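Two complexes are shown next, each including chain A; its partner changes from chain B in the first to chain C in the second.
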Partner chain A sequence: MIEFSNVSYVYGKHTPFERAAVNNVSFKIEDGLVTGIIGHTGSGKSTVAQLMNALLTPTSGKVLLDGADINASREISYKTRFKVGIVFQYPEYQLFEETVEKDIAYGPTNMGLDETEIKRRVEMAADFVGISKEILKSSPFELSGGQKRRAAIAGVIAMEPKILVLDEPAAGLDPRGRSEILGRLTKYRQGSDKSIVIISHSMEDVAEYSDRILAMNDGGILCSGTPSEVFSHYDELCRSGLALPQITNIMNLVMKKCKERGIPFDNSAASFFTVDDAYKYLAQRLELKSEEGGNTVC
Partner chain B sequence: MLKDITLGQYFPGNSVIHKLDPRIKIILTIFYIVIVFSAKSLASFGVVAILTLALIFVSKISFVTILKSLKPILFIMIFTAVMNIFWTSGENVLFSFWKITVYSEGVRFAILMVLRLVLLISGTFVILTYTTSPVALTDAIERLTKPLSKIGVPTHEFAMMMSIALRFIPTLIEETDKIMCAQKARGADFETGGLIHRAKALVPILIPLFISSFRRADELAAAMECRLYHGGDGRTRLKVLKLEARDYIVSLIFIAILAAVILVNTQFEALI
Partner chain C sequence: MEYIIKSEALSFSYDEDGNGKKTVENLDFQIERGSFTAIIGHNGSGKSTIAKLMCGVLEPSSGEIYIDSKSAGRILRVSCDEDIFDVRKTVGMVFQNPDNQLVATVVEEDVAFAPENLGVPSAEIRKKVDSALKAVGLYEYRTHDTHKLSGGQKQRVAIAGILAMSPECVIFDESTAMLDPRGRDDVMKIIKEMRDSLGITVILITHYMNEAALADRIMVVNDGKIILDGSPRNVFEKNEVLSECGLEVPQSTELVRKLYDSGAEITKTVLDTEEAAQAIVDALEKKYKK
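For the complex of A and B:
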C-alpha cells in the first residue's frame, strides 16, 4: 500500500522558475486494486507518479510504502524502484538495447537476479504484453510505435513490481491497441495482491478498468473513491476540465427524455460507465419491450 | 538535477545595455578589451573601473552575479598575482627573506594584472554574456560576418546551425532528465560504483538520446523544407537590426573613455 501524507512538490525550488506541482495531498493506493488517476493537463499526475517510487523527493510531507518512508535513505529509495514500477508517458523513448529481449532484461539484471530467473521473467513479460518470439530477437528501433510501447511496458513488468504505475499507457494507440493493452494490464494483478495505478485522460478507459478513482485538479485532489462516487461529482469534474464518460452522458440524457415522456427508466442508468453495462441494460429493456408487444423504444 | 544548470547565463532585462544593438555590443566588447589593455597605470585603471561600474549599474545585474562569474578564474588570478609578486625584479626592495626578494614593482604589477583580469571578465560579461540573448547574438554574428560570405564562407549556414543548437539545448536537457528518470525507474544507478561502472551506466541514456536527436533533426529538416527554407540568399528577417541613437551615444562614450585612458596613461605616469 502506498500512502501519501501531506505531500507537496515544487519544481525548481529557489530559482526564478519555481513552480508548485503538487500541493499538500494525502491519499492511499490500496493493495489488489486498480486505481485510476485522472486530471486535466498539468494537474500534477505525472509528478505524483514519480513521487511514488522516490524518483522525486517530496518538498514536504511523506510517501509511505507499506508504512515505511521511501525517502528515508538513498538505499531505501533505490530498493523502492523495484517494488513500485513506473511506466512513463511515451515509454518507447527509453529503449536502448540491441534486441527487445535484452531491453526487457535490463530491469531484472539491475535487480541482480540470476540468468534463469531473468529469462523466465523476460518470457513472462513478453507473453503478457503480447510480444512474439521473433519480435524479442529484433531491434527495438525497427518496431512500430505500438510494439515499442509494449516492449517498454514489458521492461517494467519484468521486474514484477508489487505496484505497477502506468502514465498514459494507451496514449497514441489505435482503439484495438488501447483495449488490448489496458485489458492485459488489468490482468496483471489477478490472483495476487499486486496493484495497478493507471494515469489517463480518457474517462472511458479509467471508468472501464478502475476500482478506485482519484481525480486531481491543479496539484490538489478533487475527489476520490469508487467510479460511481467520483462520477457523481459531475459539476466539480466539469469545472476542472474533466467530463463523465460519454456513455454515462448519453444514458443520462436518455433517462431524462424518457422521464419527460413518462416512460419508465431505471435510475441506475446514471451509473453506467462502460458501454458494456449500458448495452446489457438496454438490450434487456428492449427484449422486455418486444415481449410486451413492441411498444415505443426509449 | 540537470535543469539547475543555467545555460548561456542570459538575464532578461530592460536596461539600455540590454537594448543596444547586438552588433554594436560585439564591437564594443572588442573595444572594451582594447581599453582594458591600454590602461597602464593605477589611475587609468581607475577610469576603466568607473566605466565598468557604470555598466554594471545601468544593466541592473547584481554584484553577487558578477562575483560568481569571477569564481572560475579565481585560481588564475591567484596564480598571476603570485607569479608577479615573486618573479618581478625592480629597484625598490619591499622586503626580502631567505632567497626571496619582493620588489614594490612586483606588487604593483600583480595588482594591475589582477585588476585587469577582474575588469576584463566583469566588463565583457555585462556587455555581452549577461545582457544579450543567444538568439540576438547569433543574429549579430551573422550580420557582422556577412562580408565573408562574398569569399564563399557559409556564414548564414553557420549562424543557422548555431541558433538551432542553442534552441535545442533546453529541449535536450529536458529529454535527458526524462530518460534518466525512466532508466532509474528500471533500477539504473548513476551515482555509485567505479568510473567504468558509471560510464557503462550512461549507455542506456546516451543511446535513446542520440536516437531521438536524429529523429528530431530529421523532423526539423522536413519542417523547414516544407516552409521553403532555402538558405540565406534573399531571406528577409523578422527582426531587422537597426542602429538607434543610444547605440551611437554609447559608442561615443566608449571612444571618449579610450581617449581618457590614453591621456591618463601619459599625463599621470608619475602617479604610480
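For the complex of A and C:
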C-alpha cells in the first residue's frame, strides 16, 4: 500500500516561478485495487505519479510504501523503483534496444536477476500484454503504434512491480486498442495483492476500469471514492474542468427531465456510468421483452 | 458542390519502389469548400497518411490531389514541385503532440514564425498574429513562455500559428488526443468557430467519436480505403460496419441503439448526450402514460 501523508511538492522553489504542484495531500492507494486518478492539465496528477516511486522527493510530508518512507535513503529510493513501476505517457518513445526482447529485459537485467529468471519474466510480460514470440525478435521500431505501446508497457511489467502506475496508457489508440490494453492491464492485479494506478483524461475509461477514483484539482484532492461516489459530485467536477462519463451525463439529464415532466425515475440510476447498467435499468423500465441486445452493440 | 480538395486515383506506399503494401489505395474523394469533415479509422488504417498527402507532407505514389487555392488563384497539384509551397500555404496542419510543434519560447513569436518565413511585411505580421491569438483566446498570453503553458493552451498556440498564415483549409491530426476534457472542448469550439466565422475548411482526424459527431460529414477509412462516407447520423447508424473495423459509436448512440434493437419505441440513431436524454425521456413518458 502507498500512503501519502501531508505531501507537498513545489517546483522552482526560491525562484520567481515557485509553484506548488501538489499541496498538502494525503491519501492511500489500497492493495489489490485499480485506482484511477483524474484531474485537469496541471492539477498535479503526473507529479503525484513521480512522487510514488521517489523520482521526486516531497518538499514536505512523507510517501510511505507498506509503512516505510521511500525517501529515507538513496538506496531505499532506488529499490522502490523496482516495486513501483511507472509507465509514462507515450512510453513507446522510450524504446531503444535492438530487439523487443532486449528492450523488455532491460529492467529485470538492472535488477540483477539471473538469466533464467529474466527469460521467464520477459516471456510472462510479453504474453501478458499480447506480444507474440515472433515479435520478440524484431526491432521495436518496426512495430505498429499499438504494438510499440504494448512492448514498452511490457518492459515495466517484467520488473513485476507491486504497484503499476500508468500515465495515459491508452492515449492515441483507437477504440478497440483502448479497451484491449485497459482490459489486459487491469488483470495485472487479479489473484494477487498487486495494485494499479491509472492516470487518464478519459472519464469513460476511468469509470469503467477503476475500483477507486481520486479526482485532483489545483494540486489538492477534489474528491475520492468509488466511481459512483466520485461522479455524483457533478458540479464540482465540471467546475474544475473535468467532465462526467457520457452515460452518467445522459442519466443525469434524463433524471432532470423526468422530474420536470412528473415521470418516476430512481435517483440511484443517475450515477450509472456504463452502457450496460443504463441499458438494463431502462430496458426494465420500458418493459422490453428480450434483453438480447445486451451483447455489446459497438 | 465547390471543392477545395479533390483526390483522383490516389495511392501511397511507404515502400520506396512503390510495390509494397499500399497504405492508401486508389482513393477518389472531394472535400467541399467551407465544410467540416471528420476522418475516423483504427490505428494504421491510413487516415493520417491521407492527411499528410492532402497538405503535401507526403507525395502520392500514384494518382493526384488537386487543391483549388484562392490565394494562389489556380488549381494546385500536390505532386508538382512548383506548387508545393502554395499547397502548404493553402492547407495547414495541426499535429497531435503540442510539445512537438512550437518553435519559439514566446507565444507571439511562435505564432509569427510562419508569416515571417512567408515574407509577410512586419506591420501585417503584427495584425495577423494579434487576430490569430484573439481567435484562439490567448491574446492575453501573447508575451508568455510557450513551455509554461498547459497542453491545451500549447495546442491553441499551434492553431494560432496556422491561422496566422491565413490558410483556406486546416487539418487536425488527432490534435485533441493529449488534452484534458476542457482542453478538448476549447479546441473543438475553436474548430467550429473557424468553420462558421472564418469560413475555413476543416478536416479532423480523431479517435473520439463524440468529436466526429460534430462534423458535417464523416469518412471512415479502413485498410487505406473509404468504407463509409456520409452524415454522422448515417454513419453511426451502421454500427456493425464500424465495429468490424475496430471502431465504435459514441456511448450515447450505443445506448439508444441497444434499446431500439430490443424493441423500444425510441429514435434509432442519436448523436450526442442531449439527443440521447431527450429520446430516452420521450420513450419513458410514452410508457408511463399508457
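Just so it is clear, the second predicted complex is superposed on the first by the 271 of 298 C-alpha atoms of A that agree within 3 Å, B and C clash if a C-alpha of one lies under 4 Å from a C-alpha of the other, contacts with A are read in each partner's own complex, and residues count from 1 in each chain.
Everything that follows uses one rule, which is that contacts are C-beta pairs under 8 Å (C-beta built on N, C-alpha and C of every residue); 3 or more make two chains touch, one makes a residue touch a chain.
Bear in mind that the values here come from a model prediction, so they are computed numbers and not experimental data.
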Across chain A, the partner (chain B or chain C) reaching more residues is C
Using the touch definition from the top, say if A:E115 reaches chain B (first), chain C (second), both or neither. neither
I'd like to know which partner A:E142 touches here: chain B for first, chain C for second, both or neither. neither
Between chain B and chain C, whom does A:L282 touch in the aligned arrangement: first, second, both, or neither? second
Could you say whether A:E18 touches chain B, chain C, both of them, or neither, answering first, second, both or neither? neither
So, A:D193: does it touch chain B (first), chain C (second), both, or neither? neither
Once the shared chain is lined up, is A:A243 touching chain B (first), chain C (second), both, or neither of them? second
Scan A:V254 for contacts with chain B and chain C and give back first, second, both or neither. second
Is A:D174 contacted by the first partner chain B, the second partner chain C, both or neither? second
Set of chain A residues, in rising order, touched by both chain B and chain C: none
Considering only the defined contacts, which chain C positions touch chain A in the complex? 41-45, 96-97, 148, 150-152, 174, 177-184, 207, 209-210, 239, 242-243, 246-252, 254-255, 257-259, 261-264, 273-274, 276-278, 280-281, 283-285, 287-288
Residue positions on chain A within touch of chain B in the complex are 12, 15, 50, 53, 55, 74, 78, 81-82, 85-86, 88, 91, 93-96, 106-107, 110-111, 141, 155-156, 159
Could you list, by residue number, the parts of chain A that touch chain C in their complex? 17, 39-42, 89-90, 144-146, 168, 171-178, 201, 203-204, 241-243, 245-247, 249-250, 253-254, 257-258, 261, 263-265, 275, 278-279, 282-283, 285-294, 296-298
Chain A-facing residues of chain B, complex: 3-4, 175, 178-179, 181-189, 191, 203-205, 207-208, 211-212
